[in-house]
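Next, two complexes with subunit A in common: one pairs it with subunit B, the other with subunit C.
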Partner chain A sequence: MDALLLLESAINGALVGLMYALVAMGIVLIYKSSSVPNLAQGSMTMLGAYVVLAFANNAGAPMWLAIPLGIVTMFFVGIGIERVALRRLAGRPIIMILMMTLGLEIFLRAGTMTIWGGTARPMPIGISDAPLFLGPLLINRAYAVGAAIAIVMFVLFVAFFRTRLGVVLRAISDDYTAAWSVGISVERGVALSWAMSAVMATIAGVLWSSVQGADQSLALLLLKGITVAVLGGMDSLGGALLASILLGVVEGVASSVLDPMIGGASRELVDAAMLILTIMIRPHGLFGRHDIERV
Partner chain B sequence: MSEPIAASVLTLNNVEVVYDYVSLAIKGVSLDVPEGGMVALLGANGAGKSTTLKSISGLLAAERGEVRRGDVRFRGQAIGALMPQDRVRLGIAHVLEGRRVFEHLTPSENLIAASALHSRQDMSRNMEMVYSYFPRLHERRATPAGYLSGGEQQMLAIGRALMTQPKLLMLDEPSLGLAPFLVAEIFQILSRINREEGLSILLVEQNAIAALEIVSHGYLIESGRIVMHDSAEALKRNPDIQEFYLGGAENKNFRDIKHYRRRKRWLT
Partner chain C sequence: MLYRKAGIFHTDYAADRALFPIPADRWTIGLLLLIAATAPLYMNSLYLSSYLLPWLVWTAATLGLNLILGWAGQFHLGYAAVMGIGAYAAVHAVRTGIPWEIAIVLAGFTAAVIGIGFAFAALRVKGLYLALSTLALQFVMDWTISHVQAISGGTQATLQAPDIRLLGIPITSDAGLYYIALVWCLLVTSFMLNLKRTALGRALVAVREKDYAAAVIGVNSFYFKMVAFATSSFIGGVTGAILIGTFYHAVTPEQFSVDVSIQALAMVIVGGLGSIIGSYFGAAFILLMPGVMNSFISWLANLLGLSLSLETLAHLPQALYGALIIVFLLVEPLGLGKIYNNIRDYLLVWPFGYVKK
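Let's turn to the complex of A and B:
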């Protein structure tokens, strides 16, 4: 096997990985600010893409306007989800909340299909198909753009969690009751985290649709997002970023080596292996918080 | 028993709390904390002390509890319908049992998180005040709070409550699991805060000996009812309190101890 081809797979893999990070960071955002593992992030990504397309195709807005409109709409969708589905569950056992997010995943995916139908639609955001040349290597331009945006979002959110509001959200995720006891409006904090996550989902949805078209398979990004989030440690943005690159590179290299031999599907196998091994060997992921136990 | 007090910061009138619609946790608790005063609520495990505090701070809802009867007044205003954060805004701070610091945040972040209702200037002023009362927190301000010692965590929990600029500070068993010298230190600081900041304090304790040293008045709660109320001096002299809460009379000869205990006089 050609070393250059491997290197090319690795680099493109890393870029794809960073695009997974767009989904994973949405999951981390919610976990970091309310300790809820959000299984609805995949269908929120799908919904975000369709909302942008609705502004572009049905309302006729140009793409540069449709995307911010979609982001604002999804911000309020996120707030609505907290208000309707999650507020009554605050302080209840995590398994109930987890099942609620699973129900939301199914509901949002099916609802999106019902409204807009199942055929794949293009998302033209003006990234040319021509590859970038990095010396002898061919780099996918759309992946490169997605990866760059992922890094920008990462920097923004890391900065956000150092602000006063960010500290408040982290406090909520540590202990709801204690947060109430010092006057934190836990409900509003959780709503904000869902809103930010929905914004993140929209950005991920647009970028992924520009690569593969908008269809139901966008919801399957949940599996990549969850794998990356768990490997990174669920509440660590830096962990998610690093884990996404790791997963992308392993996926890219493994699929270019294995696919010709076993006939496809090696990407999914790599994901599954990563998720299962993380849980078995290092349940708190690369940089996740341990539950602190003092002796 | 108690002479009428001019200004009360907190008045509970016949408060009854029910969990899960059926189980009656407190059955008609009435108490009164004077403005700037320091009052203890004493009682054994499960007597209803924590429930009483939660009915004041509004934290019952998360545990499916509700105030079924009676009213809670803060500076004359009925607060029964307010959300917890609105009660904090009025000036009620509740230091939870078992400290409950934000473990993954540093002490300074804990204090920042607790000033969600205040401006940045207020926050830095309050932080300075907290660090001056608890210099040890300042030394450890960058360590995750989960790694602090029990005493330091209790100081942090109190400091965090002070960040909300309360008028009434309620503490739920601050002595729990702490060495006696630490209990003494923390209680000393509490009475300093009471004196210097004019803060009213409602102290819930099982450790009656330590609590009665610093408060002016005490209420005794048993099985969800207030069974006694008097000045701290009178409570310390009361033979029943001595026997059941202060560890018995000192001149008791263990050979003479009967196999049954004397019946509490207020149980009829």
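Let's turn to the complex of A and C:
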């Protein structure tokens, strides 16, 4: 196996991984604030892409306007989902909450298909197809842009968590009862985290559909997102970013080695294996908080 | 009215432990069994083989999943994979010449052995992480089944299931297949009904409520989690084999994909966690709903003069299916079984509603 080829797949893998981080950070944001593992993040990503496309194609807005409009719409969709579906389930057993997010996943995915149809559509956001060479290595330009935006979003979140509102969210994620008792509105904090994660989903949806077109397969990003989130620790944004690079590199290298051997489609297997290994060896992930269970 | 009881007042332990403490229940069960046993006589064979039979088989599957979810309180997002293992094991066993009766038991044991693999995840983690690891195992199983030539015959292949032969007699009539499903469903149901009254069932409930607390009172929670996974996988494996033998007649990897796992989970949730009658309701609801929804939507579209595109018609039932899961969790988290119990509790002492139940 050519070392240069391996290096190339490792670098492109890392960039793809950072794009997974866009989905994973959405999951982490919600889990941090309310301990709800959002299995609907994949279909929220898909919905975000379709909303942006609806503004661009149906309402005729130019792309630079459609994306902010889509983000604002999804912000309120996120608030709505929390208000209608999740708030009443607070304190219920985790199985109900998981089932609720699974129900949301089915509802959002099929609802999007019902409204906009299932054929794949292009998402032209103006990334040129011209090859990008880094020395002898061929880099995928779309992945590079996505990865850069993922890092920018991460920096924005780090800055946000230092503002007053960010401190409120951190207080909620530390201990929501204590946050409640000092007068923080936990409900509004959780709603805000859902809204932010819907915004992340929209950004992820736009970037991913510029790579592969907007269709139903965007919802499958859930598996990648959740693997990254678990690997990094469900409540650590920085962990998600690092884990996404790790997963991307492993996936890129493993699939370029394994695919010729077993005839393709090894990416999903690598993801599932990473997820199982993480849970077996280090359930709280690389940087997650180790939960102490009280009897 | 129906029950003629003013509360339940047992005077000895035998009455308390009875499977059906109220005579009216015994009569109802007897009547229902009679209706079920004579169904082929009065029922159109189309209804028999395309509604009643899958309902019974899926009820058995729901009960198996309910054992792990409702009784032992452990997640299982990969139940379809377990059923698939059973199905493939049975088909391959019959093809090598093993009689069908033995093949389905083999299928159950194969599924149980691999199902214990899922249990090892349960020994290490619980809650969310258990759910995710079983989901990942489902993907691994899917991948293995569809990519290993020896199991599925290639990614796009369909394996024809050999005809069912019981004691050497081939069973091909709709009624015969229906009776096989009925007997299996009744076996699983009576197992689950009796499970409540055994030490095993009580141990599982103790593990569900709090595994540490169970350990403190001397219940080995690891052991019972393992037993729960093995038993429920056994039921799942045999059910998968019977589903293929009586309903699909051919086996492909897509029949046991992750969507089917979620569908089985929806049956348990809609029916009610840990409820046996609820498992019947849940399976019926989830199985019948797409068809009912389809005809309802086209009726509504006709009524309002809308012309829906083919794509809308294809995806709308799925969206409503998701919406129904959401509505159930919001309105009645314990599902149809709980609704049934509420009505029954009300009628139990009707018209003396003030009586202690």
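By our rule, the second predicted complex is superposed on the first by the 288 of 295 C-alpha atoms of A that agree within 3 Å, B and C clash if a C-alpha of one lies under 4 Å from a C-alpha of the other, contacts with A are read in each partner's own complex, and residues count from 1 in each chain.
Methods note: a contact is a pair of C-beta atoms (placed from the backbone, for glycine too) under 8 Å apart; a residue touches a chain by one contact, two chains touch by 3 or more.
Note that the coordinates shown come from a computational prediction; the quantities given were computed from them, not determined experimentally.
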item: Which superposed partner A:Ala148 touches (first subunit B, second subunit C, both, neither); value: neither
item: First (subunit B), second (subunit C), both or neither touched by A:Ala120; value: neither
item: Contacts of A:Arg289 with subunit B and subunit C, given as first, second, both or neither; value: first
item: First, second, both or neither for A:Leu156, with subunit B first and subunit C second; value: neither
item: Partner chain(s) touched by A:Ala265 [first = subunit B, second = subunit C, both, neither]; value: second
item: Which superposed partner A:Leu134 touches (first subunit B, second subunit C, both, neither); value: neither
item: Partner contacting more residues of subunit A (subunit B vs subunit C); value: C
item: Contacts of A:Ser185 with subunit B and subunit C, given as first, second, both or neither; value: first
item: Which superposed partner A:Thr177 touches (first subunit B, second subunit C, both, neither); value: first
item: Residues on subunit A lying within both footprints (that of subunit B and that of subunit C); value: none
item: Complex interface listing, subunit A residues touching subunit B; value: 90-91, 164, 167-168, 170-171, 174-185, 289, 292, 294
item: Complex interface listing, subunit C residues touching subunit A; value: 69, 75, 121, 124-125, 127-129, 131-133, 136-137, 139-140, 143, 147, 210, 212-213, 216, 262, 265-266, 269, 273, 309, 311-312, 314-316, 318-319, 321-326, 329-330, 333
item: Subunit C partner contacts - residues on subunit A that touch it in the complex; value: 37, 85, 88-89, 92, 94-96, 98-100, 102-111, 113-115, 117-118, 223, 226, 230, 234, 262-263, 265, 268-269, 271-273, 275-276, 279-280, 283, 293, 295
item: In the complex with subunit A, residue positions of subunit B that touch it; value: 57-59, 62-63, 83-85, 88-89, 93-96, 100-105, 109-110, 112-117, 120, 123, 144, 146-147, 160-161, 163-164
